[in-house]
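Each chain carries a letter (A, B, C and D) given by its place in the written order, and its residues are counted from 1.
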Amino acid sequence: MPSDPTIARLLIRCPDQPGIVGTTAGFLHTHGANITSLDQHASDFEGGTFFMRLEFHTPHVDLPATGLVKAFDDFVAKRFEMEYRITYGGDRKKAVLFASSADHALLELLWRAERQQLDCEIACVISNHDKLRKAVEGFDVPFHYVANHRGRRRAAEEQMLALCAGADLLVLARYMQILSGDFVARFPNRIINIHHSFLPAFVGADPYRQAWERGVKIVGATAHYVTADLDQGPIIAQGVADISHRQNVEAMKRLGQSVERDTLANAVQWHLEDRVVVDGTKTVVFR
Amino acid sequence: MPSDPTIARLLIRCPDQPGIVGTTAGFLHTHGANITSLDQHASDFEGGTFFMRLEFHTPHVDLPATGLVKAFDDFVAKRFEMEYRITYGGDRKKAVLFASSADHALLELLWRAERQQLDCEIACVISNHDKLRKAVEGFDVPFHYVANHRGRRRAAEEQMLALCAGADLLVLARYMQILSGDFVARFPNRIINIHHSFLPAFVGADPYRQAWERGVKIVGATAHYVTADLDQGPIIAQGVADISHRQNVEAMKRLGQSVERDTLANAVQWHLEDRVVVDGTKTVVFR
Amino acid sequence: MPSDPTIARLLIRCPDQPGIVGTTAGFLHTHGANITSLDQHASDFEGGTFFMRLEFHTPHVDLPATGLVKAFDDFVAKRFEMEYRITYGGDRKKAVLFASSADHALLELLWRAERQQLDCEIACVISNHDKLRKAVEGFDVPFHYVANHRGRRRAAEEQMLALCAGADLLVLARYMQILSGDFVARFPNRIINIHHSFLPAFVGADPYRQAWERGVKIVGATAHYVTADLDQGPIIAQGVADISHRQNVEAMKRLGQSVERDTLANAVQWHLEDRVVVDGTKTVVFR
Amino acid sequence: MPSDPTIARLLIRCPDQPGIVGTTAGFLHTHGANITSLDQHASDFEGGTFFMRLEFHTPHVDLPATGLVKAFDDFVAKRFEMEYRITYGGDRKKAVLFASSADHALLELLWRAERQQLDCEIACVISNHDKLRKAVEGFDVPFHYVANHRGRRRAAEEQMLALCAGADLLVLARYMQILSGDFVARFPNRIINIHHSFLPAFVGADPYRQAWERGVKIVGATAHYVTADLDQGPIIAQGVADISHRQNVEAMKRLGQSVERDTLANAVQWHLEDRVVVDGTKTVVFR
C-alpha cells in the first residue's frame, strides 16, 4: 500500500549490547516522534548482532528530516556503532524490473504496483527478449529490450547500468541471464531474484525437471538477494505447493508459477517496506 | 520450552498515547533490565488501545521483583493507566486440564508438557468419564473423575473449583460438558477451549457432521477463551485441513483431531508464554 | 491447458449398483477406446449414488462421436439409469465472465485463459460498471456494460441473457449484483460465484469486516455454484490464508483477494475439465 | 482405520497398453466382485508403465481367495505382464518399528495404531537405546533393546532380522543408525524412513542445523522407502512448516518434530492401505 507520508521508518543493525531499545525509543520520544511499531531481534542471546525496525509518527517531530538524522547519528548511532537507515513515507523507492520471456512474475509485480499494493515507482522493465513489450507498455511503464547473449554481456550491462541509475531496487522476475560479479557488486542487497525451486534443493538449470525426476511431493520457489554466488544469496521468502505423481513437468511448472509470483511479490513488498535486514548469509524479515 | 529464569516478561494494555514505548523502555534501561524482545500493537491509528509485550534480562536489575513492580507502577503504569502483568521466568504457571472420553487433545498437552515444550506444571486432569485414567496416570499426573451430568452440575463444579484452586489456566481439551456462567466468571480469560470447527462456522453440536452436510472442502479447529456465551469467546488460534468428497464424517473427524490438538497446543503455549492479550471480543497474539 | 483433441471425457451419475465400472470399461474397450484415466465415487457404501469420470483415447474408436454416444446410451446408460455427458477434447467450452469494479478475480481468469491454462473461449465480459473496459479489451475480449440497478433488473437480465446465448459457463468474478431466480434457473450448475469468505461463516455483505469484527485468525474464499438461495449453492473449492491482529479490514481484503482469485480459477478450471459433479447440496470434484 | 473384512484391494503395475482397465474390471464383475474404488495412472502418455489400485466388495465373489488369485493370474495378469498384489481386508499387516532416543515419531505411530487409525499389528519396537522402554510397554507392545554400534553391526542386524521375521513393514521412526545394504535388500520397498528435512535439501547429518545456517524460511520432513543409497530412496510423503529468523536450531527442531510425525504417519498409513507403488526412483501414491 502507499506509505503514509506522516510515518517514517528506522532500520538498525549493530552489535548487541544493553540499552539499545531504551536509548533509541527515548531519543525518538524526546524529539516528539511517536513510535507506532517496533520489532527487534538479537542473533544470539549475548554477544551477537542486534536488529531493530521502528515506525514512528512524524507530525510532531521537532526537527526536519535531515536534522533528525544528524541528531540520531550524533547521540545514538555512533554510541552503538549502528548501521541504520531512516526512510520517510513520502519518499517512494524506484525499482527496475528484469524479465526474459516468461511473464507471470513480471506482470504480477506490475499489477500490484498499479494497484498501489507495492509502494514504489517502476522506473522501467528491461528484457533480453522483445516479447513482453506490449504487455508492459499497457501498464504505461517503459520497456527496454537489451540483448544480452554471450559476447555482448559487457555492452549489455553498461546499457543496463545506465537504465538503473538512481534505482533503489532491481528485481529479476525470471530474468534468465547471469549478471556479472561487477554488476551485482554495485547493488549490494538491492537485487532480488526469484528461483523456481525450494532452495537449496535443485540449484541450477531446469529445477522443475530436476524435481520431477527426484519424485518430490512438494515444489517451491525462493526469493533471495543476488550475490556473486549463483543461487546462494540470503533468502527472503519461500513458498510451496503440494504435487503428486499426476503432475508432469509441464503441470509442475504451471503450479509453480503461481507460487513464484506470490513469493517474489512478498519479498519485494517486504524490501520496499524496509522490513528486510541482511545478517551475513541470512535475512531478518520483520513482518 | 522451560522459561529462562533470567528472563522476565511485561505485558501491557492501556489507552494509546504518545510516549509509551519510550517511557517504558527508558524505565527498564534505567533499572538495568536489558530488553531482549519487544512487540507492540495499537488497535487503531489514533485513540485506540495500545498493547505491548517485552522480555527483559534480569541479572543486572537493581531492584528485587516486588520493588521493580512497585517502581513500574508508580512511575509508568499509573501515568498511562496501564493494566499490566510482570512474570518472572522461574515462576511456572499451574494448569488444570479437562477432558471427556476423547484423548487426542489431552494426551498432546500431557506429552508436550512432559517434554517441556509447554512451560507449566500440570496440576491434575479432571474428567467426567473414568476412561482416560490409566493414560493420564502414566504421565504421573493426578486424575480426578468428577461426574457432571444434569442434576449434579452444582456439586460437580464445587468439586472442580476445589481442584482448580491456585490454577493459572484451565484447558478444556475436548471436555464435552458446559460450565456454568458462575464457574467461567471465576477464571476470566483463563479458560481455553478447543472447538472442533472453524468458528464461526458450525457452532454447536457435532460440527463435523454439519461440515460434511454442507459439503465444505476445508475443516478446521478453533482455540478460544471461554466466556458465558458458548463458542463466542475471543479466538486465540485456528487451524485447517483440506478435505474432499472422499472423507465421510468419520474420516473428517480423524483428520480434524490432528488439527485440533495442534491448534489447542499452540494456543496453550502462547498463553503460558504471556503472548496473548484480550482486546474485547478479540485477541492480540504476539508470536 | 488446451484439451488434447484425441481425448474424450465421460462423466456419469447414477444409482449405485454392481457392475457399473466393469460394464462401462468393457463397453469402451470393445469400441477401441483406451481408458487413460478413471476416477469414481459412491456416496454411500450401498444404496447411494455413484459418480464416475473417465478419460479415453479416441483415435482407434470404431464409431463417430454421435454413434458412440448412441451406442453408450442404448447399451450402458439406460440399463444403469445414468445421467452422463461425453465431451471431446476438441470442443472448447464458451464462458461469459461477470464483474463489477474489482478487477483481481476477473483479470486472473483472463490471464489464465490467454495462457491456455483455462480450456475455454471467453465469449465476453459483462459488467455493471464501465471501469474495467480498458483492461478487458486489452485481452481482445469484448466488454459489455449492462447497468443493473433496482428498477432495471429485468431489462438488464434480458440483455445479459442475449449475451450469454450458447454459453456453457457463467462466472461471477466478484459481480456484486444479485441475479434473479429465473435467470439462475436457466443455467443450473453452470454459474460459478466466488464468495469472499470461508462459507458458511460470514454469509452476506462485507464478510471481511464481519471476519475482522469476530477476530478470526484465518480468512478464506469459497467458489460455489449459484442457486436460488444466496451463498448456499454447492461448494466447489475453498482457500484460506492466515491473518493476525496486525491486519485491519483493508489488509485482510488485500490478502483475501489473492485467495479469491486462486480459488475461483481452480473451480473454473475443474468445471471446464469436467471434474465437478453436483451431488445434491454438495459436489464431487475428481482432481 | 481397521480394514473392512468384506473389502479386498488389488494393486497392479504393468507395461501400459490398451484394454487393461476394461479387462480387469470385466474380470472382477464376472466373478461377482463389485468395484467400489478405482484409481490408475500411466507414467507416460504412451509406452510407459501403468499403475492401478482397485477396491472391491467380496461377499458375492464366486471363488475363494486363492481361487480368485489363480483365475486372475491365468486370465488377466499373465496377458498384461502384471506385477500385482491382492489383499483381503481381514489380513492385517505386521509392522516392526525402529527408534533411537527421540520418541515423537515412534509414539505417534503407537498412538495411531492403538486407536486403529493405522491398520496393522505392531509386532515390536527395536531400539539401540533402552530409554523408550517404559513408554513403549505402556502400549502393551514388546520392546527390544539391540545395541548397534560400530563393531557390533553384524550381530545387531542378525538379532533384528530374527525379530523382523514375518514383518510386512519396517518403520524407521528416527532410528539414527545406518542399516547395511544386505539388511535393506531383504525388505525391498518395505522399509520406510523419516528424514528430518525437505529432501533433497540437507541430506546427511543434523539437517536442522544445516537449514538454520542456510537461512531457509520453511523446514520440512520427508518419508521415503529405504534403499542402499542413503536419503535417496523413493519419496512417499513430504510436509513443511514456515519458520522465521526467530527460530533458533532448537526451536526449528521442535517445530520440525510435529511435521515429522505427521509426515511419517501418513506415509505408513498409505503403505498399509496399499496405496503406494514404486515407479523406479519415485512413487505413485493413490490417495
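The working rule: contacts are C-beta pairs under 8 Å (C-beta built on N, C-alpha and C of every residue); 3 or more make two chains touch, one makes a residue touch a chain.
These numbers come from a predicted model, not from an experiment.
Peer 1: Among the remaining chains, which ones contact both chain A and chain B?
Peer 2: Shared contacts of chain A and chain B: C, D.
Peer 1: Going by C-alpha centroids, which chain is farthest from chain A? Tell me that one.
Peer 2: That would be chain D.
Peer 1: Calculate how many whole Å lie between the centre of chain C and the centre of chain D, each centre taken as the average of the chain's C-alpha atoms.
Peer 2: 36
Peer 1: If you average the CA atoms of chain B and of chain C, how many Å lie between those two points?
Peer 2: 42
Peer 1: When you check chain C against every other chain, which residues touch at least two of them?
Peer 2: none
Peer 1: Touching chain A in the complex: which residues of chain C?
Peer 2: 1, 107, 111, 117, 138, 250-251, 254, 258, 262
Peer 1: Can you check the complex and tell me which residues of chain B touch chain C?
Peer 2: Chain B reaches chain C through residues 41, 198-202, 213-218, 220, 234-240, 244-246, 279, 281-285, 287.
Peer 1: Report the residues of chain D in contact with chain C in the complex, numbered from low to high.
Peer 2: Residue positions touching the partner: 18-26, 28-30, 32, 34-40, 42, 45, 57, 60.
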